[in-house]
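Input: structures, listed below.
One chain, chain A, appears in both complexes that follow, with chain B as partner in the first and chain C in the second.
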Partner chain A sequence: MTGLRYVYAVCRPFGTPLQAELTGVAGAPAGLLHHHGLVAVVSTVPEADFGEEALKAHLEDLDWLAATARAHQGVVDALTTVTTPLPLRLATVFRDDSAVRVMIEAREEHFRALLDRLDGRVEWGVKVYAEEAAAEPVGAPPAAGAKPASGRDYLRQRRARGQAKEETWQRAERFAHALHARLSAHAEDVRLHAPQNSALSQASGLNVLNAAYLVPRAHSEEFVELVDRTKDEEPGFRVELTGPWAAYSFTGDTGGSGDTGQIQDGQGAADVGEGVS
Partner chain B sequence: MTVVERREIALVDLLDRLLAGGVVITGDITLRIADVDLVRIDLNALISSVNAAVPSPFEPAFPPAGPAEPSEEAM
Partner chain C sequence: MTTPSRLPEPYGQASGANLADILERVLDKGVVIAGDIRINLLDIELLTVKLRLIVASVDKAKEMGIDWWESDPALSSRARRDELARENAELRERLARLEELEPGRRAPKEAP
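So, the complex of A and B:
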């Protein structure tokens, strides 16, 4: 047998059975592995595709990566309807069931602490796009095509363009800051992801905020309405909401530190917010 | 609720979470963070090259960096 074990998530035992037709990555059905009062959600994957070398090669194949990520998410998403899963990072693979058990034993305390912290909570993603900031360069070429009459004209045009760009940036930063401060006040935890590259996202506009908020399921409706109200607040900006997600961004291994500190200072953000409203 | 909601989850949103989030466990098949970062970089390269072949009308190529002073000589 050349099957490896792909682990999607760890949960506490839940009463409801998994959907029978729930398939995971590589099309295999997802199953439950109970151990020490915890449950690992696993499926069997072929070693030919998930062995170390093969995996590395596959991960650079966008279609493969997309299919695998969607399958992973499909399983985790199904889990969120019956419990609060602790999602693992993409492509966490073990030799066999006993290796998964050993892993659970080694991390038992950690898992329980995280599961307690995340119980009943979901993650919402909020992104802000500045339409103008991205639109600006579109306007630039015609201006350049207009052939400045002199070097001085050229410099003047350039300066004007630079200033307009700078203002757009400042406005974007103020808006993102104020929104983030407001949403943070309604979230238990926040995490800032790196702004998305528009080539990768294919979204129009410049992504100036890409944040995740940990919100109790019970308060989600309120949170969504709060985001919704910001929608038409500022012309030139687009706010996008995704979720509810399993709490991927709040599993403790990566979140919390560093990049959140900079904006989380609510005081500063609130000051900026006043300027906007 | 009228905030823009996409039916299909964008791959990039998924990858933000599945490659940068989730509990990191050193499985038997170790996928180090560094490898994952490389994936992202390669992805960027891959997709920009795809886009270069079919340029989007909305996103003309322009230097991503801020106030560089590139074209002085060009004049």
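So, the complex of A and C:
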């Protein structure tokens, strides 16, 4: 028995059985562990891959990380169709079932409070992409070899490029603000995420808004229609909807605590040096 | 089937979600519990992975003044500061160009 217990989510007991073919990370079937009126959704993972050192190494491997993340999300997604799961963060791993039970006991109240708050709600993701901003070579170095006729020419060109870009961004900001305000009015809670890197998302255009909205399942259809209506509103922008997700973005403290800012804080001020754009 | 619905059907995440959508949720959101496998070490690793994945877009966005996710959605404070930074960069470039025009002098290609 060199298996560890991987926990995907905690939920209240639900009547529907899990899909028989529901496999989790490392291809093992997901199962339910009932305790104290709550359910932990778990599967067995090999210690060789999920022990401390191995896990640390694996997380540096984007392919492994991607496969594991998809498997994790696959289980949580399946749960979302039958109940309101509290998704746990990737790679929450325990020695055995009894350790999972201890964890449930220790956090029982917290789980119940969160489950109450999120019951019957789902998360919708909305992203706005500026198409034209990406069409120009943002981030390309100012052509190192090319010699403009004069320094003045060079600066003039550069300034014109800068102004066009600035206008695009101002339009993007206005559009994103307006859309966000409208969608927020139809959501119970909202989180703004950092824009996505297109290298990872494979999406075209530049991501200028990346937000999550907590919406009651019963109102989801309206919300989706609302997003749909905005899609062709503003030329040059693309609005993308994802979901319904389990309420990943809303498992933190109640109220809009600044959990969206933490990533950026570590970066320090972005010193815009020459040649960045 | 009589009325063509514009709703995504099925709603499943497979339809719209990309890897970045999934990673930003499973790595950065969700309930954090310290499991038996020491998560404090792990957190650091997750952070580095996470940063590597998104830092490019964050910097670019900040540079452009698109930073409202950081604080108040109603305000984009950094735009003005970036404008200054850009002007500054332009001036530096201009200086370099002027220096190039001076005979016998070579401007350093790289500004700090």
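What to note about this one:
By definition in this document, the second predicted complex is superposed on the first by the 243 of 277 C-alpha atoms of A that agree within 3 Å, B and C clash if a C-alpha of one lies under 4 Å from a C-alpha of the other, contacts with A are read in each partner's own complex, and residues count from 1 in each chain.
As a convention for this text, contacts are C-beta pairs under 8 Å (C-beta built on N, C-alpha and C of every residue); 3 or more make two chains touch, one makes a residue touch a chain.
Not measured: the values here are computed from a predicted model.
Per the definitions stated earlier, placing chain B and chain C onto a shared chain A by superposition produces a clash between them.
Applying the stated contact rule after C-alpha superposition, one finds that A:93 touches each of chain B and chain C.
When the shared chain is aligned, no partner comes close enough to touch A:120: not chain B, not chain C.
Touch criterion met: A:204 reaches chain B, while chain C stays clear of it. By the touch criterion defined above, A:159 reaches chain C but does not reach chain B. After overlaying the two complexes on the shared chain, residue contacts for A:238 are found with chain B alone; chain C is out of touch. Of the two partner chains placed around the shared chain by superposition, chain C is the only one that A:180 touches, whereas chain B remains out of contact. Comparing chain B with chain C, more residues of chain A are touched by C. In the superposed pair of complexes, A:17 makes contact with neither chain B nor chain C. Within chain A, the residues touched by chain B in the first complex and by chain C in the second are 4, 7, 10, 50-52, 55-56, 59-60, 62, 65-66, 69-70, 72-73, 86-95, 99, 103, 107, 114, 125, 138, 151, 154, 162, 193-194, 196-203, 210, 224-225, 228, 240-242, 245, 248-249, 251-252.
Within the complex, the chain C residues that touch chain A are 6-8, 11-13, 15-33, 35-39, 41-42, 45-51, 53-71, 73-74, 76, 82, 85-86, 89-90, 92-94, 97-98, 100-101, 109, 111-112. In the complex of the two chains, the chain A residues touching chain C come out as 4, 7, 10, 50-52, 55-56, 59-60, 62, 65-66, 69-70, 72-73, 77, 86-95, 99, 103, 107, 114, 125, 138-139, 142, 144, 151, 154-155, 158-159, 162, 165, 169, 172-173, 177, 180-181, 192-203, 206-208, 210-211, 220-221, 224-225, 228, 240-245, 248-249, 251-252, 258, 260-261, 263-264, 266-267, 270-277. Those residues of chain B lying in contact with chain A across their complex are 1-6, 9-25, 27-31, 35-36, 39, 42-44, 46-48, 51, 56, 58-60, 62, 67, 75.
Chain A meets chain B in the complex at residues 4, 7, 10, 50-52, 55-56, 59-60, 62, 65-66, 69-70, 72-73, 86-95, 99, 103, 107, 111, 114, 123, 125, 134, 137-138, 140-141, 151, 154, 162, 191, 193-194, 196-204, 210, 212, 224-225, 227-228, 231, 238-242, 245, 248-255.
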